[in-house]
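Labels A, B, C, D and E are assigned to the chains in the order they are written; within every chain, residues are numbered from 1.
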Amino acid sequence: MGDFIPFLFNGLSISSILLLTAIGLSIVFGMMGVINFAHGEFIMIGCYSSYIVSLVLGSEGSWLTLLLAFILSFILSFGIGYLIERLVIRKLYARPLDSILATWGISLILQQLARNIFGSNNVDAPMPKILSKGWEVTEDITLPFNRIFIILFAVLVCLFVYYFIYKTPKGRILQAVMQNRSMASCIGINTKKADAFTFSFGCGLAGIAGICISMLGSVGPSTGQNYIIDTFLVVILGGIGGLRGTILGALLIGISSPFIENFTTSSMAKVIILSLVLIVLHYKPQGLSPMKDRTID
Amino acid sequence: MKQKIICILVLAVIIILPVFLLSDFRLSILSKFVVFAIVAISVNLLWGYTGVLSLGHGVYFALGGYAMAMYMKLQAQPLPDFMEWSGIETLPWFWKPFQSLPFALAMTVILPVTLALLVGVPLFKSGTKGVYFTIISQAITLIVSILFVGQQGFTGGSNGITGFKGVFGYPIGDPTLIKILYGLAVAVVIAIYFVSKFMLRTHGGVIIQAIRDRETRLRFLGYRTDSFKILTLATSAAMCGVAGALFVPIVGIISPSLMSILMSTEFVIWVAIGGRGTLLGPIIGALVINYAKTSFSESLPEYWWYFYGFLFIAATLIVPKGIVGTLKEKEWFQNRFNKLKTEHE
Amino acid sequence: MRKLVLFIASLALVFSCKQKEGKASAEEVSTVKVGVLHSLTGTMAISETDCKNATMLAIEEINAAGGVLGKQIEPIIEDGASDWPTFTEKATKLIGQDGVKSVFGCWTSSSRKAVLPVFESKNSLLFYPVQYEGMEASKNVIYTGAAPNQQILPAVDYMIKEGKKKFFLVGSDYVFPRTANKIIKAKLKSEGIEIVGEEYAPLGHTDFTSIAQKIKSSGADAVLNTVNGDSNIGFFKQMKSLGLSAPEVTCMSFSIAEVELKGIGVDIMEGQLTAWNYFMTFKSEANDKFIKAYQTKYGADKVTDDPIEAAYFGVYLWAEAVKKANSFEPDAVQQAISKVSYNAPEGVVSIDPVTNHTIKNFMIGRANAEGQFDILYQSPEMIAPDPFPSIATDKKVIAPGNIQ
Amino acid sequence: MFEIKNLTAGYSNESSAIHNINISIPKNEICSIVGSNGAGKTTLLKSIMGLMPSKSGEIIFDGQDISKLDSEAISQLGVAYVPQGRMIFPYLSVEENLLLGCEVRKMNLKKALEIGYDYFPDLKEIRKRKGGMLSGGQQQQLAIARMLVIDPKMILLDEPAEGIQPNVVQEIGRILQKIALDLNVTVLLVEQFVSFAINLSQSYYFLQGGEITKESRVTKDNVHSIVKSIKL
Amino acid sequence: MNKDLELHLKRIARVVNPIISLRDVEVDFDGYKALNTINIDFSFKGVQFIIGPNGAGKTTILDAICGRVKTSKGKIIYKETHEVQNKKPESIVHLGISRKFQNPTIFNTQTVFENMKLSLLTGKRNVWYLFNHKITKEEEDTIDQTLLKLNLLEYKNVISGSMSHGQKQWLEIAMSIINEPELLLVDEPIAGMSPSERDRTGELLKEIGKDHTVLVVEHDMKFVSNFSTSVTVMHEGRIIDRGAFDKIVNNEQVIEIYLGRQN
């Protein structure tokens, strides 16, 4: 029982990271149908934002740095996302599999850009001192503050996105555009704006996730690559199209991870988790919470 | 008819010329490209024609490669060095049969096909489709590569398998061997080209293309579409395995990096740029891109990634049908021509 | 359509032929070609680019001083792209196509293993600058980095002397950590010391939650860390937030040098230990000169570290050997190299004729607040290499390339 | 007044699906376009709606040439469209589908809902269900309702009776007549159900092979002869 | 429910020697019962219509028979021997049940001929056979004749995606009947067709109905009256009446909920 709490906590913590990285993808990939392989690079952009802020404000992390980092990461990844949507993605809405190629190309370019701007060395983004400590619940159990922060933050982001997409007129308009672009324009929706916004919003969320990731590890040009497959798997496991599925997927993978890692190595744990996901998908090929409709194919 | 003969002659010359013109090093690089062309054909069969996009074909390629590498390693050392330093003192039972060349050759096909069936049967039978399959194919590749890296004692870990002495009685790097391998690669690519051409001409070809376009409807016509998809996946995996087996003696190493996501994605890129859903496209794509990559990385490695990135974007935006697909659209060609003419006037 | 395709094909051919001729005819008598083969792109570029720079610095210095045997050294740089098959291909190119006399390069053991058959079959010479797991002594490789008995084993000895009782081994999942840990385990077993855990994380892994948790619950007081560069930040951050830090839980790292330390972040690593054969803070005349030259060429904010130093003096050792042999031929150089020595930044180094490995210094450093290592310990004398430590294997090197 | 002058349009890879179309509809009237399969009816509506670039010609609505505008702008001018094939947003609920146009226009949602359910009471019962789950006829009703609630000045209907139960078809006829008269809406009705269409209309055009071959006003007296004369 | 009605329903539900029987069939979509205890047999041969208000469950019945939706309860029995509920669609097709969908779903990138070929050689035989099969003269004749019947012969080598909605409907019909299925399920066959084409479709169905069973869902009453051998009325997931067209149109409830007064 004593072991159970750190496991559960770690599980939640992994889930929250997965959720943060996946939620933007769930919008871009799930709702828009754009298979954005550059999603990881938007996470990377977010990571570097906190590094940039620390360059400007000094390497002592503080709450102000963190706040500015969040703002900058969202603006930067939103902006770059916007640019990319205008230039490339816009032309690929009818061709989801083609978007794989184009975004893969974008991902290569962004990685190389990062390498040229920030160097190939991984860098560290500082965070508020307090966050690098932990809450010592008992002698054996320490819950790191950065993890607690990330879990709370993930919940917040999730609630916000859920509310925005499903409960506001603006969100409904975005949904409509994603579901049927030409009809949406026929009822007077500016689909170009909606497309650009949705894509950039998804990218912005990835940027925010990047900040949280930079609190845990290092920042490098290939940081995003480490997350991309897991992120896609979360969305797929949950079922394309809805946020509920994504949350479910993230929780499932995240919470089971530490338990599995406990009795085997990290490498094997990864294999086991991936295999479990595949088994679940075998029984639920549309994911845990699929979006249904009646059209054939 | 006459044109056809000329075409074949020209092709034959083009194929034979490098043997005399190129240095051993360049010829073996060219052989590698030809091997990649085989991979591209196999990816195209699955993606371009059946509509199933796999971003994990590296794993089939690597399995074929490992089967061959195991044979070649045992030829060089009775107990592979990596086993020694990983604390394995006797050859594991599943390594033993690889001392025989026929067995190893059979395995270069059987291993990838077995994996393809393990993957394809449950997934396709349960109705996994589209992007789901694509992402899962990546995950599977990841699983296998983690396993290969983790089982260092049996697989050579992240090093892969290298340190071969030779094959077919020639030492590695021998000029004759390089020529033989080139010939072999070319022969296989031609054979596989015709196999797929034949496959697509049959009714099966129509069926798999119908799967690409409207799979559900086909099921309501009474087709077991999953069987056809499994069949194409297995065929494609087998082709990839053969390519992997050729790759190893040509390059002299197999490593988990060949079953990486990056590698697997590159396969797809070759097909996309050459022209998916065309027979020649993948061959052209694989040759052109790899040629570009090699020459770029020799002169401007830093900028290769920018160029490559832009290439993907351009390929999807400007020539979405790929090189061959675009050329095939005679209209497009004509339009361009007319446009030029009117601009001149 | 068909014609166009043919056209493209022939074009490609013509191009590849041209390239060949261009290279072959450019031979000049007054230079000698050497290869420089490192990953300049991909994940390993982080570390290897600096090695390449160090190699180039040495070549320039030698050229400025008049070259070797009256010839200028002409380096041909190739990118291994962090991909082992690419290393194989580039090595083939350098030796076969460009006709280089020796190659300086490789970082990971994997890349060295990948090029080894090429060097052996073409009988060329590779200068390999990085510490590694041992179990190798090729006639065609000069190892200027440490063998296990020059880095790993003395570091373990040090930890035992410090009174550490419970060891935990953490590494990235590839050959160096796994093999290194095999040696370490043999060593600890012979000393009768408990190993409370052994964990490997996939390369590039960043989430060390579970591993850190396991270390915490195992009650370890010493961690031997062979985690690769990138992942270390996550590893140390996680250790820190669980309250695992020196001196209660001391972590000894084998893959973190000054360059990596800069990336990991000083505040995370401060107080942690690493074992190397050279630190930038090492006081010697040769080192001062080296650092000055390096920073003048590549920037005042640049740091030097062990592999950089090894890559640097490798070129000098080669030049000395060439002079001694009065020949550029790999065989002659290999024969001569054990007869020369060089005053490297870490001290006077020379090559052991039996193993082709370097007789080296050993030091332990503790990360300080300036992003440098304070040297806590230095071996009283240069240590002779033993790539096949008797503790882990019963093989012995008789001569380079001859192992029994 | 709605007018089409010399409109020619078509899909990229063929000559053109419709040529030289001339149509004019006085305000608040219902005009039918009848024609057999492949005549180009849908193509015509699509090009009016800006879903397809016209090759030449003008489309004048409210005194403005809309042939170069995009769908969004055309819709904002007050043109509403019921496409062939319904095009319901599958993952939005019936109510969300219905209100979307009003939300874009910042209209009073409550009133819009009332109007919508008033026209099609059946929709009220299923208002929480997802649009994509509805039956064909339910979707068709929703598509028509969705268009009516945005208070359009002109509506384009592509075979609206398709898949709808008989009594509701009659109801739709009544609704169209009512909105044309009471709400000053111009209606362009594409149909193959000739008697239904002609009976509602004040004028009709007969489209054949992409060209208008017959046209005339419809009065009480000539309705029957027109219906008889059109052989599809 | 009142006793008389119940008896009446029981009586109309059964026929002797049915081709397909639904026994207590229920289809449940996340709590919404699209079919609610359906009990009905359809007899061999004839063009049998199913009518009813939008959302009554007509399409769902056809879907349940051809394996497109899962039934949560009950049995669907084909020819009194095969239970087909929740079977895979392809195996149901192999029993001789064919389905035409409401919207045309054809293979847009293939020619009309290839579409026909695909439907002619359904996957009954094994994968290898299908893969290598070369079309025979007879088979080509069958295709030509079917195309001729539907006036599509001149389009034989046209890429089907470029045809109009109506033409696609025809092709879809041609694809469903080429194998002469014993039970043909047709959903709104004449939607989007012109009157003359409607008649032709009707005649065609009637002809097929001579030897086979055709189950048609349709809203066009003129069409129903002209071509039906029997009519079944559904409402809110239940059967509410069945009989000859003339009888049905006089049922007060049917008029109320479906036909409307001024017909």
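Criterion: contacts are C-beta pairs under 8 Å (C-beta built on N, C-alpha and C of every residue); 3 or more make two chains touch, one makes a residue touch a chain.
Since this is a predicted model, take the numbers as computed values, not measurements.
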Target subunit C, source subunit A, minimum contact steps: 1
Reaching subunit E from subunit C through chains that touch each other, fewest steps: 2
Far-end chain from subunit A, centres as C-alpha averages: E
Taking each chain's C-alpha mean as its centre, the one farthest from subunit B: D
Inter-centroid spacing, subunit D versus subunit C (mean Cα positions, whole Å): 74
Distance between chain centroids, defined by C-alpha means - subunit A, subunit D (Å): 43
Between subunit B and subunit C, centroid-to-centroid distance (C-alpha), Å: 34
Whole-Å gap between the CA centroids of subunit A and subunit E: 47
Subunit C residues counted as touching two or more neighbouring chains: 173, 200, 202
Two or more partner chains touched - positions in subunit D: 13, 133
Contacts with two or more other chains, residues of subunit A listed in rising order: 265, 267, 270, 296-297
Contact footprint of subunit A on subunit C as seen in their complex: 43, 45-46, 49, 173, 199-202, 204-207, 209-211, 213-214, 216-217, 229-234, 237-238, 240-243, 259, 262-265, 267-268
Residues of subunit A that touch subunit C when the two form their complex: 3, 6, 10, 13-14, 17, 115, 120-124, 126, 132-134, 136, 140, 142, 144-147, 213, 215-218, 220, 222-223, 225-226, 257-258, 261-262, 265-267, 269-270
Subunit A-touching residues of subunit B, taken from the complex the two chains share: 47, 53, 55, 122-123, 126-129, 131-132, 134-136, 138-140, 142-143, 146-147, 149-150, 214-217, 220, 261, 265, 268-269, 272, 302, 305-306, 308-313, 315-317, 320
Footprint of subunit A on subunit D - complex, ascending: 49-51, 70-72, 75-76, 80-81, 83, 87-92, 96, 100-101, 103-105, 130, 132-133, 146, 150
Subunit E - residues contacting subunit D, complex: 29, 32, 52-56, 58-59, 102-103, 162-167, 169, 188, 191-197, 219, 221, 257-263
